[in-house]
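Notes to accompany the following structure.
Naming follows writing order (A, B, C and D), and every chain is counted from residue 1.
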Amino acid sequence: MSDAEPVKSIVTPTRLAYEYTATGTQARFLDEISRGRILGQRCPACHKVYVPARAVCPRCGVATTEPVEVPGRGTVTTFCVVRVPSENIHLKLPFVAAHILLDGADIPFFGLVGDCEASEVRMGMRVEAVWAPRETWGPTLANIRHFRPSGEPDVAFEKFKEHL
Amino acid sequence: MAENCAVIGVGQTQHDSKRIDVSQVGLVREAALRALEDAELDWKDIDALVIGKAPDLFEGVMMPELFLADALGGAGKPMLRVHTAGSVGGTTAIVAASLVQAGVHERVLTVAYEKQSESNAMWALSIQLPFQQGVVAGAGGYFAPLIRAYIRRANAPEDTGIRVALKDRLNALKNPYAHLKFPGITFEQVAQSPMLWDPIRYLETCPSSDGACAMVLGNAKAAKRAPHKSAWVHATAMRTEPTQFAGRDQVNPRAGKDCAKELYAKAGITRPRQDIDCAEIYVPFSWFEPMWMENLGFAPEHEGWKMTYEGATALGGDMPVNMSGGVLSSNPIGASGMLRFAEAANQVRGLAGEHQVEGTRRALGHAYGGGSQYFSMWIVGDQPL
Amino acid sequence: MREVAVVSFAQTPYVRRERGRSEVEMLLPVIGQAIERSGIPKSEIGFTCSGSSDYIAGQAFAFVSAVDALGAWPPISESHVEMDGAWALYEAWVKIQCGHADSALVFAFGRASMGTLPETLTMQLDPYTLQPLGVDAVSLAALQARALLDAGLCTERDMAEVAMRSRRDAKRNAFAQLKGDYEVAKILSEPHLISPLRKHDCPPISDGAAAVVIAAGDLARSKCRRPAWIRGIDHRIEPHQPGFRDLTVSPSTTLAAHKAGAASAPLDLAELHAPFTHQELILRRALALPAAVRINPSGGPLAANPMMAAGLVRIGEAAQRIHDRDAGRALAHATQGHCLQQNLVCVLEGE
Amino acid sequence: MDQTDGGVSFSAVHVVEYAYRRSVGSVLGRFFTELRDRKLIGTRTRAGRVLVPPCEYDPETGEAVDEFVNVGPAGVVTTWAWVHKPSAKHPLPRPFAWALVRLDGADTAMLHAVDAGSESRMRTGMRVQPRWREKTVGAIQDIECFEPEAAR
């Protein structure tokens, strides 16, 4: 035994469980998305619409008040093509992760773009949400599987350059 | 009111992907002992400790400074622990400097570290939280769309990032402590390295490192007794803005611009590119060099890439940037900001070794973190301001 | 040194479990109230510093979202300590001493209820020889209590009296969580949770947040009828291993109090961050507090113990009593780490 | 999902789980290597204080420490706490004591569990000895727990 290699490291498994509760605004968003609707929330001070709905406008530091429904349709403002595997990713590589400005929203929504080659994705491309089968819907963003090209003409850079 | 503060000792560890030869204790002591040795001081000469690191989940110890304080000679002393995301190494140095500037302490030891090999940074940075939109692929997946936006806005040549990476990787060959070294690296090797998060290539990306950095900061009296030349803190500044809000410019964030503006005003700098001799800035992906050149006011908006192109940011250029090889070559996250600040200090001390920029009298240290939202910076000079 | 005072304080009611609100939503009204009560416009506050812990929230960079509660636009000069908010106040105080700011907002928050707090705090231990054993925070406190009892420095009755007094006084604190009339004899008849500690010797698990505004000299005088001047503030740490220290004493508290000038004039009250009953007894001796000094009129951490904020709350509570002319000179204490490893003392005074 | 105040709420369990691999350095490495061989060691500071668990530094001063000393295996309980209902993360599934144990030859105490059967068998100052695991790996858990010292 004493001839064995000296100990250089130890392994300590750790596991902590936390119970997360969706707050009021988050819960409303999740409830709406479980019915196929995307809920935003408007700031009473700067009048910008946040999607997903959030309780507080970070710019103004005030509670948002007015719920606003937005469509699952928008413009890719910028994106990256992910070609690197990672422990937390279970998607086929490569995939496109994009900032998508949904129509009527003032902040891009994070989404994946599929049903086309990664090389076809471009800034300004119009996309629409592809929903999972209705019977599988739950209170989760996973109801939107990804976005796909909608076929509408591209939007000029000038029109979305504030929303990268 | 404020006392002058000087960097009188600097130390860092060898950075590597896995420093399996040391414990967390051994890692921080390696850097701290080198800083003490540089200042020719002993543990007992230190009045207070300021420790910085990024998320505790990396090492799996909540507030690890509690078990590290006595390993750093901290028993019976004040100890602070700073955490401001990726900028933390810089902010930690600023907090330590403020203890001297306020006249609270004469000599402060500040240490920042990360031992990322104890877990996996990609895991810690991508843990999916219930009810929230996920971060898809760690920092690379987060920042790549912003880089694409920069390229579009500035109409920058696509090989700018490759040029930055090549320069920093060549600089790292002159830095004995650097983690990543590719002797004889060429433009083609960087260009042909795999795309990870298009438009970011493998060799344009920072590594995940184990490492630590330490500095001894002192007042004028302590500096007078120091064996080596001191770097005098001319100005410090920090700025924060929210991660996301409607209309936020994440490519050229206002927090960075405002931070630089305050910093220059305090340091009496009116023409940054002329008044500052070199800069060590936080560039985790090569494209952030031109982005920060604009943000820091070294180049007009949309023209930062020209500095890279013209060779201005190379050793020997008119505004050398990341002489040490930068974050692209060593990235113990919690220490990465302090390494930038320490390199700036060693440049004005004339102790930067092979990557010394001759005649440096004023240097910038810069760090940023979060979603390009936390900034901390300092200007150090070879004389008190 | 510049004169600096606490000019306002705000806190949430403390609850066992905050369900409907995120940290940001908890902070929003508290920060708003602290700023409003300070009379200093938000845009003129020179520095912001917060205290919180990623492990309490179960996520890396948990403090980043708290920035959303600040309306940090234009961008602000801001910092964060992975410590109790009392140390955030210390950093802010230093910033003002440097002349880098004339006022500062300090806040802290924690929703410990999301996890299992005693187990979360296991993560705070030396990762080589303590954390792998799975020793929890209550057990470590119990080791300390036994050492104190063995040394004849207190009795279980003394401990029960601390619990009784804390929860009785908390009846007058609208924000407190655990309050009511308890009889010492009844407490002592209850079984031990982890001997020698009973449930009554332990703090509740609390969710909550607090905010304080501090300001320098004339600014404080112009905004606050009776500023709570910080006459001294200092903090010290001890070695980490519980078996390397004498657990019955708190030399770091004694030293911090000495450096903060606590003994230079009589105190009216002390807000002590003693999460366990026996720790109050250790602190009282470490601070050499005479019997006349009121201890924890707020009920203290035995009535509400929001992790990462409870130390800042002590400073806020002590300052509030000076604002209200309920006290002339007060001591506030904060602690973190196991068995009172690190301690901060802040001496506050009215004019 | 449940209904409250006419609104909806959602809860989810969020698990943070990782097996950390910690390099231990030469001093703790030696300690764990000795534990694997069922032996206990400490380090001696320049001031002569014997530290167990060993440190590569003097916790009072920060000075480097590299002199090893054999200690134990038995020692004295300096303080203890009785756990009536062990949690899943505790080292023993039955009621036990946490204790600080000052091993023979040491000046400091180390934390571990004591399997004493009942609280009434525990007292400060009692002597305890380590109970080793059948298979040791080089970790603090190689000591399964301490137990009251066998009558001599």
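One rule holds for everything that comes next: a contact is a pair of C-beta atoms (placed from the backbone, for glycine too) under 8 Å apart; a residue touches a chain by one contact, two chains touch by 3 or more.
Just so we're clear, the structure is a prediction, and the values are computed from it rather than from any experiment.
Farthest chain from chain D, judged by C-alpha centroids: A. Simply put, of A-D and A-B, more C-beta pairs touch at A-B. Centre-to-centre, using mean CA coordinates, chain A is 45 Å away from chain D.
Each chain gets a centre from the mean of its Cα atoms; for chain B and chain C, those two points are 33 Å apart.
One inter-chain figure worth recording: chain B and chain D are separated by 38 Å, centre to centre, where each centre is the mean of the chain's CA atoms. Of all residues in chain D, those that touch two or more other chains are 9-10, 12, 14, 16, 18, 20-24, 28, 59-60, 139. Multi-chain contact residues of chain B (touching two or more other chains) are listed as 20-21, 23-24, 57, 59-60, 70, 74-75, 120, 123, 127, 129-131, 242-243, 245. Multi-chain contact residues, meaning those touching two or more other chains, occur in chain C at positions 19-20, 55, 58-59, 67-68, 70, 72-73, 114, 119-120, 123, 127-128, 131-132, 239-240, 244.
Judged by the touch criterion defined above, the protein chains are all mutually in contact, each touching every other. Listing the residues of chain D that touch chain A in their complex gives 1, 7-24, 29-30, 32-33, 36-37, 138-139.
The residues of chain B lying in touch with chain A in their complex are 20-21, 60, 120, 122-123, 126-131, 133-134, 136-138, 140-141, 144-149, 152-153, 194-200, 242-251.
By the touch criterion stated above, chain C contacts chain D in their complex at residues 19-20, 58-59, 114, 118-119, 122, 127-130, 132-136, 139-140, 142-147, 150, 191-197, 239-244, 247. Residues of chain B touching chain D in their complex: 18-26, 29, 43-44, 57, 59-60, 70-75, 115, 117-120, 123, 127, 129-131. Taken in their complex, chain A has these residues touching chain D: 1-2, 4, 6-22, 24, 26-28, 30-31, 139.
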